[in-house]
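Read from first to last, the chains carry the letters A, B, C and D; within each, the first residue is number 1.
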Amino acid sequence: MGGVIRGLLPFAVAVPVLAALQVLTADAPFLVILSLTVGVNIVLAVSLNIVNGMTGQFSIGHAGFMAVGAYVGGVLSKVTSEYGISFLPEVVSDQVLFALSLVVGGAVAALFGFVVGLPSLRLKGDYLAIVTLGFGEIIRVVVQNTELFGKALGLSGVPARTTLFSCWLVVVVVVVVAKRIHDSSHGRALLAIREDEIAAEAMGVNTTAYKVRSFVVASFFAGVAGGVFAHYQSIVAPSSFTYVKSMEVVVMIVAGGLGSTTGAIVAAVFLTLLPEGLRSVLLAVTGDGALAQKVEQIRMPLYGLLLVVLMLLRPQGLFGTRELWDMGPFRKKRAPSPPSPLSSSASPGAAPEVVR
Amino acid sequence: MSDLLQHVLNGLAAGTIYALVALGYTMVYGVLKLINFAHGDVMMVGVYVGYASAKQMGRDTSSSFLGVTLVFLLSMAMCAALGFLIERFAYRPLRDKPKLTALITAIGMSFFLSYSFQLEASLGGLTVLPGAAPRAFPDVITSQVWLIIGDVVVSNKQVISVVVALALMGGLQFLVFRTRFGMAMRAVSFDHRTAGLMGIPVDRVIALTFMLGSALAAGAGILYAIKDTLVQPLMGVTVGLKAFVAAVIGGIGHVPGAVVGSLCLGLVEEFVVGYGGSTWRDAVAFGFLIAVLLFRPEGIFGRVTAEKV
Amino acid sequence: MSLLKVHRATMQFGGLKALSDFSLDVAQGDLQGLIGPNGAGKTTAFNVMTGVYRPTSGAVVVDGERMNGRLPHQVNRAGLARTFQNIRLFKELTALDNVKVACLADDRPPSSPFSRARIDGLRRQGRFAPAHALDAWGNYLDWWRALFLTSGYRADEAHIEERALRLLDVMGLAHRAGEQARNLPYGEQRRLEIARALATSPKVLLLDEPAAGMNTKEKAELMVQIRRLRDEFALGVLLIEHDMKLVMGICEQITVLDHGETIAVGTPDQVKKDPKVIEAYLGVESKELQA
Amino acid sequence: MTSAAASTAASTAAATPAPSPTARPPALLSVGDLHVSYGAITALRGVSLSVGQGEIVALIGANGAGKTSTLRAVSGMLSPKQGSITLDGKPIAGRKSHELVPLGMAHAPEGRGIFLNLSVDENLTLGAYLRSDHEGIEADRENGFTLFPRLRERRQQRAGTLSGGEQQMLAVARALMSRPRLLLLDEPSLGLAPQVIETIFKILRAVNQTGVSILLVEQNAHLALGVAHHAYVLETGQIVMEGTGKDLLATDEIRRAYLGE
């Protein structure tokens, strides 16, 4: 039991803090919107990092799973928006239904992730990348052709239920899950697959199952991120989930350092805020909307250039595979290993006589 | 019946265009084992160079035989130069690094090219970057109907694209299998370290292969643009991906495979569009790819290579 | 009792027979050698035994369970662990984590319904399918326990850490626990690979050229160490080695391969005197030399 | 000599080969204090050796001792961290492989390096990639076929369909196509049947007699020492012993360590 309490500790801290933030930012809608964009990007980056960074598979179709979650969650909320859970006050009832639609959206996305994960059993590296890209595109085309999802126009009228609190609670969940997977024997199995699949398999790691699982977990959270996104945009259009969106997330995790959760977070925050920041600064200084518009246009080629330059100069990204808590003053101290009676005889210094 | 025949014809014509782009993918993959994601974007740049030079010449000059040839040559030369620069500065430093590094670089390069061209910029009255607005390619070849059999219509553009594509493919096949340079290419492709031991200047062979592939892409791009397609910066991504799909279907690294794969893809797409599913076109192309990769990952002609343990 | 039994295994690549009619029997406490000139098919034999290749014909049986068509991780769970000729460590991970990866689910407590003891019990009864299912479901459950940091999970992790450290210690690598595997010197990398293989609690240990790249002194130490591991962990050991001195000095039985064929089986003395072995292994000129 | 060598030598006191009494011919290749590493792993730590004009020099040692790395560094396949390599007195360390071919170096690499996707003829043509004297090339091709008649029968076949022995013959024949003065051979006996090995080594002697110097890496110490004028023993990236082939063959240390006696 004590274990479970400890397991829930991060939430015990996060819930009051987020609630307080929610109250404090009530009068700053711009700030809230910004924080939601950042939050969604963090969820996307941290979840993609589980596949690309920890497991070493290369998926570039993350936006497809986000789309699944956004549409499924959005439709569900639209359908249930008329209803409420009778014994709950309306606000609470809405949030419960919202949470439900997030989970269902995530679950459907996870199902898709399972399907996409299957090719990873036979394909590696660049081929796998192209297949994930293909799946992402297929999902988009399917959505565009589905009446239920509003075809090319998209889904409008999704109830605006995402709050700073709910969005960032999802962020906390994904980070905690990513960290716990990473630190567990499962995380080590994923890292082993990244390092050397054949050796991992030979050491008893069921590489097939682990690869598929990492896809499932990552796409679940991408789906949830899509749901969160849908419930603050209110309009879900296919154009939000193109190849470009997938690449944005890839840039984040590559810049942060493939395999580093904190790296992904830092890069996601930075790469989301930088253009927003530039835009508002430009807007404030020049009062010229056209110039601020340019920021959005320049962002994309810069992302491309950033990838190229990073690979040439610092392929390990910002953090490499390390985490914030592995560095400098945060560094964890490792307990010294217990002395053993065997160690002395095994040390090179005390070699026994050579048998000849 | 004639309906079917028309679709076959259109499909093949579209397929030959994919084939030219796919050949570039396959050549580069052959020598470097790298999927050059930026290949389609190099093609796009080629189309813009062609567009600009045709505009500059004016309608009369550019539609003369000499003019058209010049448009092609100019754009192919520019793309060859671009291909050289990309290889020299983005890919060569990463040649012995993990494959993923080069792949990410290629994706970045693709992004950089396609989205820079969406910006608008000019320098001293000269347009440097065109902006996102789609444009119609100058009518350097006027559409004519050359042949009507029953209901089947064959246009001059279709014939030209098929003939040019086949000629270039033949030339490439000759180059790879009948010349000294082609032999060096195949040697580098098999094992670039050992190729060096034969005295083959590996860097130069790879650079030339890139230039050749890029030039082919430019030619393909103009043929594509001439056929009533609008020119816009993201065209390279779409066509490039399709061509890549075709190359993989045929067995990447395999020259005739790329051609066969492209023709298959052209036909499949044409039938999907022709029979009312135009909005599903892209999904079908990728579905086709995934099916091939799952059931025959090495493509139609490719060979399985097992990893040594 | 035989822990690893290979019965007339043949491996064909295209037209090439890399291994033909290969048979072998390793029991607990055995220390056997597999030798032969380069390209004789030794590593192919290892790959066939460990499930990397599926033999064209013949059978591989580990602890009574037929392994044909099983994946390498299943063969490993059944009790066969190996090292690689060209060192395949998880280079970016620490030495400790390399070993921990291999510890995996062996370390569920005995009270757990998914414990290794129960799984092994089922195996011994010949109920292999439920054994695999139990292993897989236990592993699946572990995911959830890890997410909620249950106390049982934390106990498992502590146990894994302790066991991994002990194995590092056994191989004389305790001082390297926190070091990235790629930064270890060559000889230590080889020893780490053995520690990692031991972590999977094998019944039979296959060592592919464990002494390659070591100097004479290191080799001598390794010989003694391998023998000790066999006794301490109650293993059967099969090793491929180029160094004749090492093989002759340590192995009790030797199988000699040449061109995929088994040309001799016997004690070191028998093998050493076998004219076929002399010709294949020591080269032609040796005949003149010995004459 | 290094300290490791000194200690091994001491243990086998009487048999340590004295510096060869017969003077060696002037050096064609000389390597001094060569260091090579792959990432964190050091493969060579200060290797010095030389190959005289017209000599066959053997480099023996266990797997992973650094034999292949030495050849690779010499032929420019990898660049040394430190040390000098000179060919005919010209420094060549750090230069790329393809620049060394015109200087007279040919390397039949580890694993033979045959282009399995090309025909036997094409492989031979590639061996003469930098030459343009058409007649000379054809003459050399004929020479190759005379040395290895089996290859003539298979000249149109894809090299991938050849047997191991035939591939090894092709590797040697191809290396000769550039008319080298120095031939580097990496384990020509690897995986071959005894009769084939015998043929190949006979031909190596014949090639050497035409004036080509050979640096030979071999696992099979008997073979290598039997044919070599001079030999070096490599252990964990260092030369621990050197001498004439005959002298080394006679030392107990060598017999025990590499011949399994």
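The rule is simple: contacts are C-beta pairs under 8 Å (C-beta built on N, C-alpha and C of every residue); 3 or more make two chains touch, one makes a residue touch a chain.
In this text the structure is predicted, and so the values were computed from the model without any measurement.
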For chain A and chain D, chains touching each: B, C
Farthest chain (mean CA position) relative to chain B: C
Two chains sharing the most contacts, counting C-beta pairs only: A-C
Centroid distance [mean C-alpha coordinates] between chain D and chain C, Å: 34
Centre-to-centre distance between chain D and chain B (centres being mean Cα positions), rounded to whole Å: 45
Inter-chain centre distance, chain A versus chain B - centres from mean C-alpha coordinates, in Å: 34
Inter-centroid spacing, chain C versus chain A (mean Cα positions, whole Å): 38
Of all residues in chain D, the ones touching two or more other chains: 256
Residues of chain C whose C-beta touches two or more other chains: 52, 84, 216, 245
For chain B, residues that touch 2 or more chains besides their own: 309
Complex interface listing, chain A residues touching chain B: 58, 60, 118-119, 122-123, 125-127, 129-131, 133-135, 137-138, 141-142, 144-145, 198, 243, 247, 250, 254, 297-298, 300-301, 303-308, 310-312, 315
Footprint of chain C on chain A - complex, ascending: 1-4, 6-8, 177, 180-181, 183-186, 188-189, 191-192, 195-196, 198-209, 213, 321, 334, 337-338, 340, 342-343, 346-348, 351-352, 354-356
Partner chain B, residues of chain D touching it in the complex: 75-77, 96-98, 101-102, 106-107, 109, 113, 115-118, 122, 125-127, 129-130, 174, 178
Residues of chain C defined as touching chain A within the complex: 50, 52, 71-73, 76-77, 81-82, 84, 88-93, 97, 100-105, 136, 139, 142-143, 146-154, 156-157, 160, 165-166, 168-172, 174-175, 177-178, 196-197, 199-200, 216-218, 220-221, 223-225, 245, 249-250
Interfacial residue positions of chain C with respect to chain D in the complex: 37-40, 182-186, 189, 209, 212-216, 242-245, 248, 259, 272, 279-286, 289
